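A short write-up of the structure that comes next.
In this document, chain identifiers A, B and C correspond to the written order of the chains, with residue numbering beginning at 1 in each.
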Amino acid sequence: MQRKAINPSFLPAPTAAFNRAFEVDFGDMVWLSISGTASVGTECQTLHVGDFKKQVTQTYSNIKGILLEHGYAVEDVVKWRVYLKDITKYYDEFNACRDSFFAENGISREKVGASVCVEAKICREELLVEIEAEALRKK
Amino acid sequence: MQRKAINPSFLPAPTAAFNRAFEVDFGDMVWLSISGTASVGTECQTLHVGDFKKQVTQTYSNIKGILLEHGYAVEDVVKWRVYLKDITKYYDEFNACRDSFFAENGISREKVGASVCVEAKICREELLVEIEAEALRKK
Amino acid sequence: MQRKAINPSFLPAPTAAFNRAFEVDFGDMVWLSISGTASVGTECQTLHVGDFKKQVTQTYSNIKGILLEHGYAVEDVVKWRVYLKDITKYYDEFNACRDSFFAENGISREKVGASVCVEAKICREELLVEIEAEALRKK
């Protein structure tokens, strides 16, 4: 069993003690646990302040980037955990954005995995969504 | 490693891009990740508006239904994650309901698994509890 | 696949139906899922009311105690989930405490694992932080 910290090329490594993702290699398969990911850019600055839809799209783009850069496909994710800053306001819009993301990636619903979505405030006031993911694939 | 979307017979599949549960088959064992589950009925309508205890019972019943329909026992769950809309108001009552559920299913405490329970608002205003679960069993 | 409830010697077992941690033994490796853990003492009383930094330190100490007592090292944790009662107020301080904890245990950042941190109220009004963890190790 090998372990490896994963910090993608397009985001700075966290300044605090954690990694953007962490991989466990079981020999015949690998498991990637992706940290809470939000709408941030190459300098870790918040992108799309005030625009929920663009924040969701950016968040998925960051997660997809982590996955692809390390040999995973989006459909290798088996569990998604979503935190919305205001679930009353954004839940329907989130579902529309989520549907668009998977449709644009050619992933039909039965390949999306399991999910949970609840309301939670995120580490920066202006962040409206944060998503974590667990992926598994054969080597 | 095979993957399978799980949507039980007694609940409609989600209209958004996710599944009620998702199973990974490792050959000798299977892992079932159950999505956030709440007190909803066969038309996905909220059941037991305003009645916390009945919502918890219904939520556990839905999770148990998913487990049993796919060959799992309740004690195959190794981790429970519970979100209460108002933890100050409902935490003690939740524990009483949880104890009753496991007692009624003949499951002693040392078989219940690990758990986390925090406060979080859920996707519908009237939902008071949401539970996700991770189960593992030999094939 | 063997399962075992884990309740450490230095904390009382929960009075409700769950365990402080739960271990699954896969033969060549073991997985430990640690329940939501907070700043509580040997009688399950809250420790360090009103002192965020000491609560974080105590929480990590409790998790470390569970890990070490059952043959795990702190760096066997692959995913940390952190719930802060007030993320606006405490996020920076949490990161400083987290950094100190890993530094004091000689664990460099690339061994810390993945993490998520969101705001959530916890089961007791005076608890300011709760952390859950997933650990994996070879036997």
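Going forward, contacts are C-beta pairs under 8 Å (C-beta built on N, C-alpha and C of every residue); 3 or more make two chains touch, one makes a residue touch a chain.
In this text the structure is predicted, and so the values were computed from the model without any measurement.
The touch graph of the protein chains shown is complete.
At the interface between chain B and chain C, under half of the residue numbers involved are used by both copies, so each side presents largely different positions. Chain C is reached from chain A by a rotation of 120°, derived from superposing Cα atoms (nearest 5). Separating the centre of chain B from that of chain C, both taken as means of CA atoms, is a distance of 23 Å.
Along chain C, residues 120 each make contact with two or more other chains. Against chain B, the residues of chain A that register as touching in their complex are 29, 78-80, 87-88, 91, 95, 98-99, 101-103, 107, 109-120, 134, 136-138. By the touch criterion given at the top, residues 1, 3, 5, 13-22, 24, 26, 33-36, 81, 83, 120-123, 125, 130, 132 of chain C touch chain B in their complex.
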